[in-house]
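Next come two complexes, and both contain chain A; in the first it sits with chain B, in the second with chain C.
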Partner chain A sequence: MTSMSRTTEPEAAGAAPAAARTVPRRRRPSLWIYVFLAPTVVLFGMYTVWPSVSSLVYSTLEWRGLGLERSFTGLENYRRLLTDPLFWKSLWITLLIIVVTVPLRVGAGLLLALVLNNPRLPLAGLLRTAFFVPVVATTAIVGIVMGFVLDPSAGPINEVLSIFGAGPVDFLGSSRTSLWAVMGVHVWKWLGVTLIYWLAALQTVPRELLEAAETDGAGPAARLRHVTLPLLRPFAVIIVVLTIIETMQIFDLVVTMTGGGPFFSTLATEVYIYDTAFGAARPDLGYASAIGVAFGVLTVLLMVVLTLVMRLAQRRQEQR
Partner chain B sequence: MTTAQTREPSRDLAARREPGRSHGRPISDPRTRGRGKRRIGRWAQTLVLGGLGLLWIYPLLWVLAASFKDSLDIFSGGLGLLPDSWHPENYLRAWRDANFSGYMLNTVLITAGSIVLVVVRCAMAGYVIARFRFLGRRAVLAVLVATMFIPTGLFVVPVVELSDLLGLLNTRTGLVLAIAGGGNVAAVLLYVGFFSRVPKELEEAAVMDGAGFLRVFFRIMLPLSGPVTATVVVLTFLSSWNNFFLPLVFTFSTPQNRTLAVGMMAFQGTNSTDWAGLAAAASISLVPIVLLFLLLQRYFVEGIAGAVKN
Partner chain C sequence: MERIPRRDALALFAAGVALTASGCARSSTRGGVAHGDAGSLQWWDHFDPLKSALTGLFDEFEGNAGVAVERTVYNPDSMGQALQLAEGSDQLPDVFTNLFGAPSASLVDRGTVAPVELSDEARRRLEGSLFEGVHTFDGKTFTVPIFSHRQNSTLTWANSSLLEKAGHEPEDLPSTWDGFRTLCRDLVASGTEHPWVAPLAHSDRMQEHLVDLAQSAGQTLAMVGSSGNGITDARTGEFPFASEAFLEAFTFLHSLITDGFMLPASTSLDAREARVRWASGEAAIFFDGPWNAGVLNGQFGEFMKGVRVSGPPSPDGRGLTARPPADGQFWCAGTSHRREEVGELFSLLTRPEFAVALAENMDQPPADPHALDRAEVPALYSRAVRLLEKNVRTAPSPVVRNPAVGSVIAEMNDIRPDLGDITQGYLGGDIDDLGKELTRFNDRLSAERDRAIDVVNGAGGDVSVDDWIFEEYRSGDDFDVTDY
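And now, the complex of A and B:
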């Protein structure tokens, strides 16, 4: 904090003016304020702000490995990015994963939540637990386990398929099926979180309102459509955004299930960054940083646009 | 969440229960017709969802079962869960020979360190941001929120370089700092939200009694924040136990510092034929955390739900 020297100013001391008056003048908690803030500011500066800024700088470097020499190449990395088919492919894959899995998770999660929210449903707690267990299981380990479960020679899934006469499918070994297999596992793994989000949102629907609607003769479908869903709408924005953020972290699953292959069919952008920086035979940290910056900018843009669009849609709904 | 729902007495619900004694509504109510049918309907729902739920956890059960089989049995055993013969020595192989005991210790230490660091620093920051106006308050908040959506991929190269410069690369401390230092914006915001709702009088009374800044925080505010702290602990626990990207790049040259997730991948890479050992290693990694979840289910669920509510 550059403002450390200013902390003794009386204006900076105390909470709201009302509280400040009751605090004796001699006490100056202002120094403590900055002491309390320091760990977060320092660590956040080191591990978030500095990396964001330095990535910009690194992205203009030709830099072949940690500790090795670096030289300035200007926008060369970005020029390369524009014509790099793998970069565009990785963006497309990331986008496809979001477009396919987020609606699935949000939709199926809502459906499940609506059923499981019924307090009279027998064993509802146990059922919730079943759908939530994959969430706590470590993602990278789930990835490896699922490679095992999907294995064409030993896995139970192919065992089922063979019962139906469908020959063994090499889900992760074929570039036609690999991405879908990863997305399927991703939905399986994280559906429970979205379910919990929706259940939390459903808690805010007042029971009295539903009962009043019922007394007025509204059936379950009408209650859902005219009472529950409109009240859930504000949460939809939050849940979609949270779900997208989680989906960006598909790295763990991809690396452990397919490593980005076969034939780059599952190369999500974060995997490509990792490969370029650390995995490749010839590491290229400058180019990896350029990919990171481009991906970061696109992500933030996507989030901003998405939030704006959803807010707008919501407002229009409310006006009607 | 279950508890919130069933415990909340909701007065009208109780009132409705009175007249009919056992089952809710008055007998004259036309809706009571078909209540039996409705109950059957609910059980039918449970049955369908139960089947789905069993299917949901089947892959995990299958791996747990496989960890007691021998590799041949895994291949021929198909869908069955019970092993032909029991092979607990798979666990010995994974625990001792493949060093999963070490990986477990690393994971526990790194997770515990991250939790302590995140709780302490986020509670402190959240407290001052919520309770005081000071120079730079808005700037700190704005920068925190602005970085929320930046993906990990952007950070990794500089974080690794920074840790290398500080001599922290390949150390557990460096890993804890990298995991618990960046991000965690949600935790700060949770504390800001909580502390700004605590009534001012509490603090003022303590100050009148002569309590200083530190005392007010550690004796009054921090203990009050129990529920939020539980949420933050759970969220940090999940994210740091689950973390894979950072441990992976931090342990390239120090395999002894690997976490369970990274160790698992290495084990798979070098030992692709030992299916039973792989299943045992996976079970060692998954069973403790699933058990912990089952024990502390309420906190997990509320911790995650807190993200939406706030």
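And now, the complex of A and C:
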């Protein structure tokens, strides 16, 4: 902006036509902004806004997914949802998955990142790759392979347990263990992503600050507590939010490992939506859309509350 | 940074928009054609094992009519989704199998399917086997049955070498529940740690086993399809799941688990996985339908030589079950412009040659009981089908008595947990008070059916709970077309 002022001022003082020539030059960048934004706006509109609006409309219909026969039922699907024990159960399961796995991923990811960020650590690159490999493995394949790994009859984990006289444990076939098994695999599979977030955040900690602290006599623990962690705090909010969103998208892993069973014990809300829309003996797209909308609203609310709480905590800490 | 010329940028943007638009456009604008050659007849089904039988039929049809048939085989799990999406975008194929999750009557009402004209010869062959409300609606033929209704999913398949090791004669498999338990005990004693494998994660299949075992324990059922919504006590018209026979069937299956006879991995296996475990020798016994012989023949040929089969075990040793008249498998789309050709194809499905080809595919038994005499099939498949012909009866179907029953079932919302869920929950230890859970399920189904009856009658239908009652029907009887 300042450079633009510098170029226009002399011309404005000297001659009017020269000033007129500057107008298109001022407009040109804004036109290009719209041109380059257009594909994003179009695609975002088609694949995010339009489906969201459609879901909202479908959620007010009784629609079996058969043909064009749909009848408007207003808020009936939402009323049904409030009294549907499976919906509440699925929400509880999703919440439990978030409460258990997000702190694990964020905490373990930070610890690993701190270790792997040490320039003196041998084979750091190899270790980073090793932790990231599960992330790039196809989730469906991971789910199927883990079915074999956790098999109570001949799975390697139960073979090991039998050496110690324990087991067999029916990890995926018992409703007491299935959710924990799924959560364990989820943490293992996605830990690498959280690790990468933290590693990227750690790159922003100025080395001079750490060296200055070291010169002042601060040990590793003091440097971590008084330099590194305070500087990482702004990143923590976004990493937690991203991890929660990823955790809510646990559909493929659950479907391939347990299909939502046994007896609904791993029925995450996404799986319930899919079952209602496509997997049930009788599809119910209207009701599935209502569950989807309600889940979306709750997700946004959760994110808003979380962000507010973390900002509040941050502000209080700054005031101390 | 190098600037992109404005003209190039605009061209790029235009190309992007055009590409996106073309990606979102329908692959075909012609109704009734999903994809592929616009001149071919589109056929979608989920019967993978029927490839050779249908290929021969299609080749012959193409030779006669000059129209090629393009067949797409779907996994049963994804067929319903494919149909929903196809119908929503006006791209249903000319012929499809009904995995919409809706009774045929509602498809007819909605115009999703269309009637076809069969040849005179085909009509003669089908005399006495077409039921109003199942295959014909208002006297018009919509579909033809190619499979026999005399089948169930609970034949007992056994590994003869493990049985011999346990001191049992493989040709003389136990027919009673007590005999079955004794065999399991002997198998454990002889080193087969877990004699029985079951697909507990496949709740639909477990429900089928349960219904078969309850029937073998004397439960008389009227049936529309195989889901809980369509299964009622034939004598009373009420939902029967808390009856003594069902409780006995639950208890029998549960005892196999509490006695430690079930392979532990069963809790997370579906039917295909359970079959593989059984064929690999991890268990000696597996319940499955007649198609098991076909799968074994294709995938475990060597193992198949040592397999023996008998009927479902039952309290009295008779192992009688029943099924309603078989549905038609293939339907002509209401949007199809090739109804005449579809009629010709459906006529070919009724020919004895096709029934023989079906038998040789060793999937579900063909509707023509004589086909097996002329088919070249392993003795194991023949024995399975002969057992079914002998022991499976014709159950009454409320939808044959009154096609509006189909509309009621279409209107009913699913009740969860359903019978399959309850079976899984009870056998997996998640349900303690089974009687209470089943009674609750019955009550909720009854209330839902009453609501659906009101809706259907409110829309001009004429249906009542009486349509579900067949007082005169007895377990072990055939309820033929003349009995309605």
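Following the convention adopted for this analysis, the second predicted complex is superposed on the first by the 279 of 320 C-alpha atoms of A that agree within 3 Å, B and C clash if a C-alpha of one lies under 4 Å from a C-alpha of the other, contacts with A are read in each partner's own complex, and residues count from 1 in each chain.
Here is the rule we use: a contact is a pair of C-beta atoms (placed from the backbone, for glycine too) under 8 Å apart; a residue touches a chain by one contact, two chains touch by 3 or more.
Computed from a predicted structure; not experimentally measured.
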Determine, under the contact definition given at the top, whether A:F72 touches first (chain B), second (chain C), both, or neither. neither
So, A:S153: does it touch chain B (first), chain C (second), both, or neither? both
Touch test for A:M303: chain B only (first), chain C only (second), both, or neither? first
Touch test for A:T48: chain B only (first), chain C only (second), both, or neither? first
With the two complexes superposed on chain A, say which partner A:Y197 touches: chain B (first), chain C (second), both, or neither. first
Could you say whether A:W92 touches chain B, chain C, both of them, or neither, answering first, second, both or neither? neither
With the two complexes superposed on chain A, say which partner A:P262 touches: chain B (first), chain C (second), both, or neither. second
For A:D170, is the partner it touches chain B (first), chain C (second), both, or none of the two (neither)? second
Which of chain B and chain C A:P39 touches, first, second, both or neither: both
Partner touching more residues of chain A, chain B vs chain C, is chain B
Overlapping contact positions on chain A, where the chain C interface meets the chain B interface: 32, 36, 39, 43, 46, 66-67, 147, 153-154, 278, 285
Could you please specify the touching residues of chain C with respect to chain A in the complex? 6, 9-10, 13, 16-17, 20, 24, 77, 80-81, 84, 87-88, 100-102, 106-107, 110-112, 194, 200-201, 203, 227, 229, 263-268, 277, 282, 410, 412-414, 416-418, 421, 424-425, 428-431
Counting only contacts in the complex, chain A reaches chain B at residues 1, 3, 6-7, 9, 12, 14-16, 18-19, 22-23, 27, 29-30, 32-34, 36-37, 39-41, 43-44, 46-52, 54-55, 58, 66-67, 112, 115-141, 144-149, 153-154, 156, 159-160, 188, 193, 196-197, 199-201, 203-204, 207-208, 211, 214, 235, 238-239, 242, 245, 248-249, 251-252, 255-256, 269-270, 273-274, 277-278, 285, 288-289, 291-293, 295-296, 299-300, 303
Note: in the complex, chain A contacts chain C through residues 32, 35-36, 38-39, 42-43, 46, 64-69, 86, 147, 151-154, 168, 170, 172-175, 258-259, 261-265, 278-285
Chain A touches which residues of chain B in the complex? 1-2, 4-6, 10, 12-13, 31, 39, 42-43, 45-46, 49-50, 53-54, 56-60, 62-63, 66, 74-75, 78-79, 120-122, 124-125, 127-129, 131-136, 140, 143-144, 147-162, 164, 177-178, 180-183, 188, 200, 203-204, 207-208, 212-214, 217, 238, 241-242, 244-245, 248-249, 252, 260-262, 264-265, 268, 275, 278-279, 282, 285-286, 289-290, 292-294, 297, 300-301, 304-309
